[in-house]
Amino acid sequence: MTLPDVIMLAITVLGGSAALLVVTSRNVVHSALFLVVALLSVAGAFLALGAEFLAWAQVLVYVGAVVILILFGLMLTRAPIGPMAQHNELGKALPIAVSGGFFAVLITLIFGSFGDTTLELVPVSPGMLGEVLYIPWALPFMALGFLLTVALIGAVVLARREEGEGPLPEPDPELADVSREPVPTDASTNPGVSAPSEEPAPVTGEVTR
Amino acid sequence: MSQVAWLIPALPAASALAIIFFGKRMPKGGAEVGILSLAIAFVLAVVVAIEVFSANVAAVADGGEAFLTTVGVELFPISAEAGINAGIRIDGLSAMMFLLVTFVSLMVHIYSLGYMAGEERFTWYFGLLSLFTMSMLILVVADNLMLLLVGWELVGVCSFLLIGFWWEQKSNSNAAIKAFLTTKSGDVGLVVGVITLWSVFGTFDISQIIAGVEAGAYNEGLLTFGLVALVLGVVGKSAQFPLHTWLPDAMAGPTPVSALIHAATMVTAGVFLIARLYPVYSAVPAAQATIAVIGAITLLMAGLLALVQDDVKKVLAYSTISQLGYMVAALGFSYTAGIFHLFTHGFFKALLFLGAGSIIHAAHSNNMSDMGGLAKVMPRTFYTFLIGSLALMAVPPLAGFWSKDEILVEAAAAGAYTGNLVLVLGAIGGAITVFYMTRVLYLVFAGEFRGYGHPHESPQTMTAPPVALAVPSLFIGLINLPLPAFQPYAFSAWTMFSTEYWVTHPIEFSPLIAFVAVTLAAAGFVVGRLMYRDAPVGDADPMLRLGLPTRILQEKYYLDRLYTDLITLTLVRDKLGAASVWLNDRVIDRIVYLAGAGTVGFGRGLYDVADQKGIDGLVNGVGQSTRWSGGRLRLAQSGNVQLYAGAMLAGVVVLAVVFAVG
Amino acid sequence: MQAAYPLTFAALLFCVGVYGVLSRRHAVLVLMSVELMLAAVTVNLVTFGAMVGDALYTGQVFALFVMAVGAAEVGIGLAIVLLIYRNRASVNIDDADLMKY
Amino acid sequence: MPELLSDPTTVDLFALAPELSVIVAALAILLVELFLPAERKRLVMLIGMAGVLVAIGFLIALAADIGGGSRAAFGNAFVVDQYALLFKGLFLGVAVFVLLLSYRYFSEFRTYQGEYYFLLLAAFVGMLLMPSARDLVMLFIALEIVSIPGFVMAGLRKFDLRSNEGALKFFIIGVLSVAVLLFGMSIVYGFTGTTDLVGIAVALEGAERAPLLLAAVLFVIVGFGFKVSAVPFHFWAPDTYQGSPVPVTAFLSVASKAAGFAGLLQVCFVAFAPLADVWAPVLGVIAVLTMTLGNLVAMQQTNMLRLLAYSSIAHAGYMLVPFGIVQPGNAALNSDAFSAVLVYLIAYAVMNMGAFAAVTAVTRAHPGRQVADYTGLGHRSPGLAGAMSVFLLSLGGVPPLVGLWAKFYIFIASVEAGTPFGLFLAAMVVINSVIAMFYYLAVVRTMWMDEPLSVEPIRPGFALGTAVGGLAFLTVGLFVAVDLFATSANLSTLVAGG
Amino acid sequence: MTWEELAITVTVFLPLLGAAIITFVPRRHEESAKSIALIVSLAAFVLSLAILAGYDWGARGIQFQLNVSWIEAAGINYHVGIDGISLPLFVLSYLLTFLCAVYSYHHIEEPGRPKAFLALMLMLQTGMAGCFIAFDLILFFVFWELVLVPMYFMIGIWGGPNRQYAAVKFFLYTLFGSVFMLVAFLALYFAAPERTFDILALQQMGAAGEFTANFQRLAFAAIFLGFAIKVPMWPFHTWLPDAHTEAPTVGSVLLAGILLKMGTYGFIRIALPILPDAAVEYAPIIGVLAVIAIIYGALCCLAQTDLKRLIAFSSVGHMGFVMLGIATLTPIGINAAIFGMVAHGVITGMLFFLAGSIKERYHTREIAEIGGGMVKTMPKMGVVLGLTAVASLGLPGLAGFWGEILALLAAFNPAPSLVDAGYLTLFRVLVVFGAVGTVLTAGYFLYMMQRVLMGEPPERWSEAGLRDISPIEWGAWMPLIVLTVLLGPAAFLVTGMTTPDVTTIMTTFLGG
């Protein structure tokens, strides 16, 4: 049991519990905070494994940007501050069964084949990583760049509010039962063109066996 | 001349076409073309006959071969080596048939001018007559069995069309169909027989078949089966027992038709066929025995039936069946006797039918009960009818005597079981024939006229042909006088197929048999005269008061009821037909429909049960979800994405285990 | 260091992520759980990178790419969730069952 | 494994030409769209079309240039060989038709047309990268480039809750399967020490079969299974197809499914070839499940898009059959199976795209998307109904149409395998195609033999009209000229090229 | 590419081209579609006559042969040619289509739309003609299935009352059969020493005994199912009455005239020569089923009340004779079968034309309602119906006779290999039953003639002033009437062509 093993175990315990709390805590904001702890523990794991650059990247990208983004998401969707019923109609039976099964399978298999291998850790400096990144991995790197731009534009398109232009989202009458105040519509914006909206086929129409 | 004998069938064929297509526009409605063509044909027939007969006589004289010319051409190949060919075969027999058919057909044509005058489909009638004569002549002249079969069936169809000429009344078309179907069922035997002969001898050609039989290299059992099958065809066509029921009903057609078809030509086709294949039959004793027996039964059975008929044409019809029985029986052991009786019978039976036609025409009814006393009113018809009856009754100098007597002589000569049977039944049959003919003579000509209206003599065209036919009825018998001196020039020589047969089977005269036959005939005449002198009609008719025998005879031994009602109508058409349709629509169709519907049903079932009960059930069984009320759960595609994800990952886990183990 | 430990840590994170995706009602929570799963993958990759020790540091580069892609997916995920929220004022995944069978 | 590059400057741009031209076109669209007034925005599609056509030009030049050999770039992480060219040709062909479909459909949206075309072209870039990618990392990234625009486009009908819902389901299931894919890839990398496909194959040759490795192989296959909508991973398809705009559904059912197969082909036939005896039977079983479930459920559908969704699931099943009969080491059989999948893909792309083109035309007049909308179409617009019948009958496998050859090749491959499992697969294909005939025939029947609801004909408009006409011609034309693409698609180039 | 090679391809695909042209005719002048169809079908017919003229009657083997590879990936090549066996049916299909084009100038059933109808008809013609000239199994299969879709639409759209049920039934029946056939073709492909779909090569292999006995048994069973459904043989025939009665006149003429023959032709061309041992094993079964079909068909006809359905069932009977001829495995038998096919095509095609015209005038197919006396109300129609009915019941001297009599002839002594297998007596019993079948056939036809032609016409029809045969109808029917009468005496028109090739194909069975 060398020092790195001890560190690793500690990180595993810390990260694991944080992750569990993320998914089980009743308060959504608490989950977000526990997510931060979990991701930090991952960064710690990277450091333990000698991937120093990755660790800082993890901290910067995930903890810095992604969690903040998620918090914004929670805020925008007016998530209730207090506790809310966490479990969906599926109940806990299926998720526990599946994830438990998954975990059991993975653990047995991992210990089966990697039980005894030990890692001699060679710290990888950012310089070495950088050198490798821009020549052999140039193509994936560029492709990834393109991917990020596409994701960015996609997110903007979806998330943008629509009153400014284009067809206004008339509430779908069949969902009239859902309590929602109508989005303020000013009649002037879009003249004649009516979108080929889905004329509300009666629910039964849609739902046929 | 015989080389070009194919002209004889060609003439009526040409006239038939001419009449059918241009008949309407001809002055006499096509009749003149018919008569002209047949007249020429008759002349040609006489020329050919002279050539053939003189050749035969010469052959008998100097011991040469019998006259035979065959001219044939291959119509079309049916396999690399075999083919169907059409050709003519002229020998004594066919020459004789030429004479008989053309002459009788000519007489009927002339007679029909008067009889069918004013008929709506006059032209169509004459077209059919020519068509019929053509097919009969094809049958006569054919050199191979296949062409004979073609002629045979064509004759059948023409008789169907002629019998059902007045097809407005359902009874006529019923009779026509009955005639056709009965002969057609007989034809089953013919077809099977022809095919068997083909498979035994490898050819249809008659001369090769005969050569094959003489050579002796053939499968005995199969040949017997073939010949017996042919006999079934003969029984159907020549109305022998048991397939005779159609002939009396065929009287529904116009009388000249009956005269031509049901006296002289068509019904003799069967007899002609046996005569044509006589050498083959003589080689197979079993076949000859069957013929003799059938002939004997038929002649007696039909004779009895003739006793109780009221319709004059029906009497003649049954008498024809009886005479055909004689011919068939004769062919059981003697070639010449059989065909001689055929020859003579053709003339006087045609005469009787034409006479009957005039009588019916005059009395406006077929039934003898409303005739009587016509001798005075229709002298010419009476005398000719009398001559015909006397010939039929085998009164010595006339034709009937010589031919029927010859049959009895040959039967006696043959001896053995069949010979004696034919002799005895023949004699009795002779007596019965005389009895029912005297009954007819008295009921029709003697006493007072019982019908309504006043009968008068038929016009010239309807009395001339009977007169013309009376001449041969009187003298034709003499051409075959059984005197040894006369025989080399006699009919037997003319029509022999091989000289050595003519030598080994001479025509003798036995005074004893002649005497017995004549006395029996005389007895029959006396009894007949006694009973019917004052024309007792209706239920006064002695023959109708015999109780059970009368009823059996009137019901025609219940054969008719057996055939028409039981077999054809009820069993075949209604029962079997309906059963097969039921089988078709209900059973087979249903099975297939179920198979088809089955897959759809199976699909739906699988979809309902396995697809959504199965997977959903499993997933929910595991989860003890509270909110999952029955209503919400329906199908695997429940719309809840987490259920999808769950199902998917469950699948992954299961597969991972399988993989890990695998 | 024992290789098994980081791997178990990764497996633990992955399975907790799976649990989170399947059970939480709130869409954003589902996104968070997905992030956990991707983080688990990165740990896995780095561990294997160290174990293999190849010249190209494939493990770590791959991990980096995964992080980038993870970030992109969170962006898209949130956009979709916001879109649903604006149309229905509820991010509860259970309601999203308009289309079925 | 992209080995160390000695000289970084020799990046072979010509090999990347097709991808680059599409990227340039996409970016150009974004820029130009800003300056166009609202009603002129739809002209943007023309730029996109230009980009695709230029890419096709480059493709032909590349094909002429390599002629059978291969051309590597980035230290053979990116290889352009006959296999890659065939797929790129297929993708660009499909791109042309998706653009034609989208022209009029999206012109009414007036808002984010530019972004839509950008996303569409981006997805096609991803697809173009996929067949040339020869290592797991690049495969993963290409897969992502295809998926992410897919998620967005599926949700583009923002006002319609069904569309959002479809996008959400697509996203969640998509992300989940990517996570599983990555997990698998990491373990495979762990075992084999490399991410290069051929390298993996070499490493696997000798390696003893640790259970974890086998599980990892499964995880990777699951990632592509999702894209191809094989059975346990098919749940997203019906809802997403129904929710998203019809051209996007066409894109999903044809293009992204083809990309999934491109990846699966490379992974299964190259990387995991030595383990064939492990995954082949499992894929075979999945194929049968997919086929049967797809056909049976399709029989019950009344919504046209859901029917086509289940039908495309069934066709994914047919295409998975050759994977089920692969035998390690039996090169002849494998190459036949390989070409069978390719032939089916090309035929499927043509007839399915055609079907969706016709559905797009009809949906504009009947937004209800019900099968009942098609009653009496034969009387209203015989041309459109004729084309739709051609596509449906071809999907059913009726002879004078290319669908027959597609099934025929699958059939030959599975009968040639000779194993009882092969024969079982063949029998299932036969039974399924007869069952499928039920619902294809039902639609064709309603079109021709029932009385139309209204008499006014449906005008598909120029762009869509050419798409429907062109595809109908191809469906029949390819039947005769099936030889064109049948021979060129063989395994040898892929294996050798890598 | 000399005319020799191109002749067949041009003749086969000309109608398809015609169909394409017709579809592009604008809706406004739809009537012109009729004249285009007429011209195209006439041109195709003339071309087929040119091939007939150019055909060397004596020579054995394939003429006008063209063999170019189509899909070399799977070893399928476009191998077309024509020989004595396929030439008569090939020319007959063109004749019937041309006559149908003439007939449909005035007679298209109620949804009208001549454009679609004629296009489908021409497409049908390509499929039919293609079947007879294909010498590659897959090419044969493609043409075989090509016929399905147009006929399905023809029955489904222009048919009678419950046409959709009949159309679907027809489609799925044949599809089911053809799927098995395809499996058999593939099995042959894989079992052949060097893989080929070429029928001629497979025939050589079959003759040389390359295929093992039980493989042959299985393959023949599958092929048998495919062809038997099409013929149709007895247990698989239930689709025929529905399809025929519901199909439009032209549809049922082509269906009865040619489509049924594709099944029997398939037996002669593919099943028998390629799998000789299995053919010997299955021959008695086919023979028995054939005779059952004869008797069963006749009995069903007796019970029919619908004129068209009666004619349909008569086809079951006639095809029974054809199959009996095939079951004998002798040159005479096959000759009889081919002649029977041609004669049945001419006669039953004529009968269906008549049935169509009668329905058009009487507006019903129920014999009871027609009430008889047609010779009085429509004399010419009556005579023609009479003549055709008589020809159909096998009156010698007309076309129908030779087919039946030669089949019985051949069945009396079947091929030596059958005799050695001890089936001689069985076949002879079949001959007797077949002969009885002819009587039953005569029975129901005469019964039909009595109820339709003879008797007094009910007054409803006698004053209705039904118009007799119109010039268009004369034009469409005259060739058939002439052929019915001509094929009697001049039977060499068909057997002359078929005999050389039939003997070559049947040599394998001649054995001893």
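Descriptive notes on the structure:
All chains are identified by letter, namely A, B, C, D and E, in their written order; residue positions are counted from 1 within each chain.
Just so we're on the same page, a residue touches a chain if its C-beta (ideal position, glycine included) is under 8 Å from a C-beta of that chain, and two chains touch if they have at least 3 such contacts.
Treat the numbers as computed from the prediction; the structure is a model and nothing was measured.
By the document's definition of touch, common neighbours of chain A and chain B comprise C, D.
Shared contact partners of chain C and chain D comprise A, B. Using the average of C-alpha coordinates as each chain's centre, B ends up farthest from chain D. Set against one another, A-C and B-E show the most C-beta pairs in contact at A-C. Of all chains shown, E has the CA centroid lying nearest to the centroid of every protein CA atom. If you average the CA atoms of chain A and of chain D, the two centres end up 27 Å from each other.
Work out the mean CA point of chain A and of chain E, and you get 69 Å between them.
Per-chain CA centroids place chain B at a distance of 98 Å from chain C. Contact of a single residue of chain E with at least two other chains is seen at positions 172.
In chain D, the residues touching two or more other chains are 2, 4, 137, 141, 144, 148, 151-152, 155, 158-159, 161-162, 165, 167-169, 172, 176, 190, 211-212, 215, 238-239, 300, 434.
Counting partner chains per residue, chain A has residues 88-90, 92, 94-95, 98, 102, 105, 109-110, 114, 136-137, 140, 144, 147, 151, 154-158, 169, 172, 175, 206, 208-209 touching two or more of them. Pairs of chains meeting the touch criterion are A-B, A-C, A-D, B-C, B-D, B-E, C-D, D-E.
The touching residues of chain D, counted against chain B in their complex, run 165, 168-169, 172-173, 176-177, 180, 211-212, 214-215, 217-219, 222, 226, 232-233, 235-236, 238-239, 278-279, 282, 293, 295-297, 299-300, 434-435, 438.
Within the complex, the chain D residues that touch chain C are 1-2, 4, 137, 140-141, 144, 148, 151-152, 155, 158-159, 161-162, 164-169, 171-172, 175-176, 178-179, 182-183, 185-187, 189-190, 193-195, 238-239, 242-243, 300. Taken in their complex, chain A has these residues touching chain C: 2, 4-5, 8-9, 11-12, 15-16, 19-20, 22-23, 28, 31-32, 35, 38-39, 42, 45-46, 48-51, 53-54, 57-58, 61-62, 65-66, 69-70, 72-74, 76-77, 79, 84-90, 92, 94-96, 98-100, 102-103, 106-107, 110-111, 114-115, 117-119, 121-122, 124, 128-129, 132-133, 136-137, 140-141, 144, 147-148, 151-152, 154-159, 161, 169, 172, 175, 178-180, 183, 206-209.
If you check the complex, the residues on chain B that touch chain C are 634-635, 637-642, 645-646, 649. Considering their complex, residues 88-95, 97-98, 101-102, 105, 109, 209 of chain A touch chain B.
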